[in-house]
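Data block below; observations after.
Letters A, B and C mark the chains as written, and numbering starts fresh at 1 in each.
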Amino acid sequence: MPIHFRNLQKRFGEKHVLRGVDIEVQNGECFFVIGASGVGKSVLIKHLVGLLRPDAGDIFLDGEEVSRLSETALYPVRKKCAMVFQNSTLFDSMSCVENVALPLRMHKGLTLEAALIEAEQRLEQVHMSEFARAFPPELGDGMRKRVAIARALTLDPQYVLFDEPTTSLDPISARRVDKLIYELSRSYGVTSIVVSHDLTSIFTIADRIAMLYQGHVRMVGTPDDFRRTPDPIIQQFITGQAEGPMEV
Amino acid sequence: MSDATRATTPFGLIVPERMGQGLLAIAEQVGGIGVLAGRLVARLVPPRIDRYELIRNCHKMGVRSVGIVSATALFTGAIMVVQAAPLVVRFSATEIIGWGAGFAILREVAPLLIALMFSGRVGANNTAELGTMVVTEQLDALRALAIDPLSYLILPRVIAMILMLFVLNIFGDLVAIIGAIISAKALLDVDAHMFMNSFLNMIDHWDFLQSLVKSVAFGTMIALTSCYFGLNVKGGAPGVGRAVNSAVVAAAIGIFVMDYFSTFVLK
Amino acid sequence: MTIQLEFERPDRERALDKLRAPLLALWRDLAGLYGLLRQTLRCCLAKRPDRQAFFEQAYAVGNGSVLFVSVTMTVVGMITVMQSGVQTQRVLPELSLLGANIIQILAREFAPTVCALMLATRVGAGIAAEIGSMVVTDQVDALRMSAADPVDYLVVPRFLACVVMTTALTYWSLFISLVAGTVAANLIFDLNVNTFVNFSLVGAGDFVVMTLKGLMYGAAIPIVSAQRGLTTFGGSEGVGWATTNAVVHSSLAIIMLDLVLSIVGYIVFPPV
C-alpha cells in the first residue's frame, strides 16, 4: 500500500501526542483523519513530508521509508506528496499568481514569464484567475485556500495532504473545497489524506476514516462503519455532542 | 533544571548562576550564527541565487535607508568638525581641519554610525519579516514545496544587506564630507577649498579602504544576526518582538567587536 | 474667468503637492512629539511621581543595559586610542598629550553619544513594544475609561527613569572607556598610565556638556519611543513597525541633539 504509518510515536516535552499510530492508506483513496482539537492530526501528517521527525516508528511512502531521510533526500518525496496548510500559508510578499508560479520556476525550470502563464491557467482551474494579481492579505479565507490548493498541485503530485481545509470557511466555500478534493481523487487518481473535524465534509466525500483519540487510532472504517458503530466516544464525536464520555 | 532545584540556589550563588546562564545563552547564539554562516557559504558554491529575490531585496533595503543614512552622515560630518576643532585651534593649524575631521570620519565614525542606523532600519525589519514567516508557517510551506529556505529566501537577503551597506557607506562618506565642509565654514571660517586641500593631501587610499572593509564586515554581522534571530523565533507574535530586540542588540555588539578587530588588523 | 479643471492644473503645482505631503507629515510628527514632551513635563511637575514604578523602570533601563553598555564602551575606548594614536603619529613626533586630548573627546562626545545610541536601541525598542502592544490590545483605551491618564501612567515613570539612568550610565561609560583606553595606550603605544591619564585639558565645561547631553538624550529616547508606541496601529505588525521606528528615530534625534549641543558646548565652553 502506498502510505503506511507504523507505530508512530511523537512527544513534545511532557505531552505524549502520538502513542503508537498505525494507519494504511490505499491508492486513489480520499482518506480522512478525524479527532478533537489538539489530538495530533496535523502532527501526524506533517511527519509524512519530513516537517516533523518521529520519536519512534516508521513511515512508508511508495515502499520507501521516509522518516529518517535527510532534508535533501526528502525533496523528491515532497515533490510527489504536496501539502495544503491550515492557514493556506501563501507567501505574503508575492501576488497569487507569483505564489503559484514559484514551484514551477524552481522545479520545472521555467522562465518567469512562462511560469506566470502556466500559473494563471492553474488559477483558472480553481476559479481564481481574476484575482491573479491580488496579494494574499487582500483576499478572504476561502479564496486563499483555493490559491493554496492550486499552488500545491503545480507539480502534479500523486499524494496531497490537506490540513483542516474547511475550518474557518463559510459553508459555500467549504463545499467548493470538498468538491475540489473529491474531483482530485475521482478524476485524477490522486491519493489524499484530509485532516478535518468538519462533519459535513467527512460524511460527504470520505472513502475511509481513521479517528484519533488519546494518541491511538480508535477506529478505521468507512463512513457507514462509523455511523453504525456502538462505540460511545465515536458516536459523541460524529453527532457533535457537548456532553459525553470523551475526554478532551 | 526543574523548578525545585532553582528555588534552592544558595543566595551567594545567584549572581554566578545568572552569569553562567547568560554565558551559555551567548555561546548558543554565537554558535548558531556561525552554523548559519557556514550553511550559507556552502550554498554559495556553486552559486544558485534567485535573481528576482536578490533584486527585490536590494531595492527594498537600499531605497528604504537612503534618507536615514543621508541625515545621519550629514550630521556626523558636522559633529566631527566640532570635535576636531579644539585640537586644530590648540595647534593653530585650522588649515588641516579637513584632514583632522576627515580621518576620523572615514576610518571610524561614518562606517560605525551608518551601520548602526542600517541595523535599526533594515536589520530589525528583516528579523520581523522572517520571524513572522516562521510563525505563520510560511517557512514550512517553502520546505513542503521542496524549496530550500536558506538558498531561496535567506541568501539573497544576506547578500543584499552586505551589498547595500557597502554602497550606502560610500554614499554616506560623501555626504559626511559635505556636512563637515559646511560645519568647518560655519565654525572655523575654513572654506571648502582649504578643507578639501588638506583632506585630499593627507588622507591616503588606505583610510578610505578601511571604511569600505569595515562596511563589509559590519554588513555581514548585521545580516547574519538579523537572519539568525528571525529564523529562531519562538512563541508567536510576542516572540517576534523579542527577536527583533535581541537582533538589534546583538548586531550592535557584533558591530563594535568587528570594529575592534578590523581596526586592529588594518592598522 | 476660466475655471481651472482638476486635470488641467499645471504640473508645477502637482509637484509641490508631492513635496508638501512628507513635510506636512514631518511637521505633524514633530508637533506630536512636542505635545507629548509638554504633557509629560506637566505631569512630572504637577504631582509626585509613583516611586515604585520609577524604580522598576530605572532597574529595567539601568541594570538591564549596564553590561551591554560596558562592552561597547570598552571597545570604543580602545578604538579611540588606536585611531587617535595613529592619526597623531602622522603629524607629531610623540604622544604625550594623547591622553589629555582623548579624555576630553570621550567626555564631550563619545561617552554620552555612544551610550545613548546603545540605550536607544535597547530601551527605545522595549518602550515602543510595551506601549504599542497595549495600544493594539485596547489596554490604553481601558486606562482612559478608568479615568487614568495614559501619559501619566505609562510615559512619566519611563521618562524619569531614562533621564536619570542615561546620565548615570554616561558617567559609567566615561569611566569604562577611560580604563579601556588607558590599557590600550599602554599595550599599543607603550604609554605610561600616568602620562596618559592627564586631566590638564579637561575642565568643568566638559563635564557640563557631558551631563547636559546625558540629560537631553535621556529625555529624547523615551519621548520618541513612547510617541511611536502610542501611535501604533495595525495589530502585531504595527507593533513591529513602531519598534523599528522608535530605534531609528530616537537614534536620529540623538545625533541631531549631539550636533546642537556640541556647537553650544564649543561656543559656551571653548576648549582650553
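Going forward, a residue touches a chain if its C-beta (ideal position, glycine included) is under 8 Å from a C-beta of that chain, and two chains touch if they have at least 3 such contacts.
From a predicted model like this one, the values you see are computed outputs, not experimental measurements.
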{"item": "Touch-based graph of the chains, sorted into line, ring, star, complete or other", "value": "line"}
{"item": "Most widely separated chain from chain B, with each centre as the mean of CA atoms", "value": "A"}
{"item": "Chain centre separation in whole Å, for chain B relative to chain A (CA means)", "value": "42"}
{"item": "Chain A and chain C, separation of their C-alpha mean positions in angstrom", "value": "51"}
{"item": "Mean-CA-position distance for chain C and chain B (Å)", "value": "18"}
{"item": "Partner chain B, residues of chain A touching it in the complex", "value": "46, 49-51, 71, 74-76, 78-79, 82-83, 85-87, 89-93, 102-103, 106-107, 112, 151"}
{"item": "Chain C-touching residues of chain B, taken from the complex the two chains share", "value": "68, 71-72, 75-76, 78-79, 82-83, 85-87, 89-90, 96, 103-104, 107-108, 113, 116-117, 120-121, 124-125, 128, 132, 187, 202, 237-238, 240-241, 244-245, 248-249, 252-253, 256-257, 259-260, 263-264, 267"}
{"item": "Residue numbers on chain B that touch chain A, as the complex places them", "value": "52, 129, 133, 136-138, 140-148, 152"}
{"item": "Parts of chain C lying in touch with chain B, wherever the complex brings them together", "value": "68, 71-72, 75-76, 78-79, 82-83, 86-87, 90-91, 101, 104-105, 108-109, 117-118, 121-122, 125-126, 129, 133, 236-237, 239-240, 243-244, 247-248, 251-252, 255-256, 258-259, 262-263, 266, 270-271"}
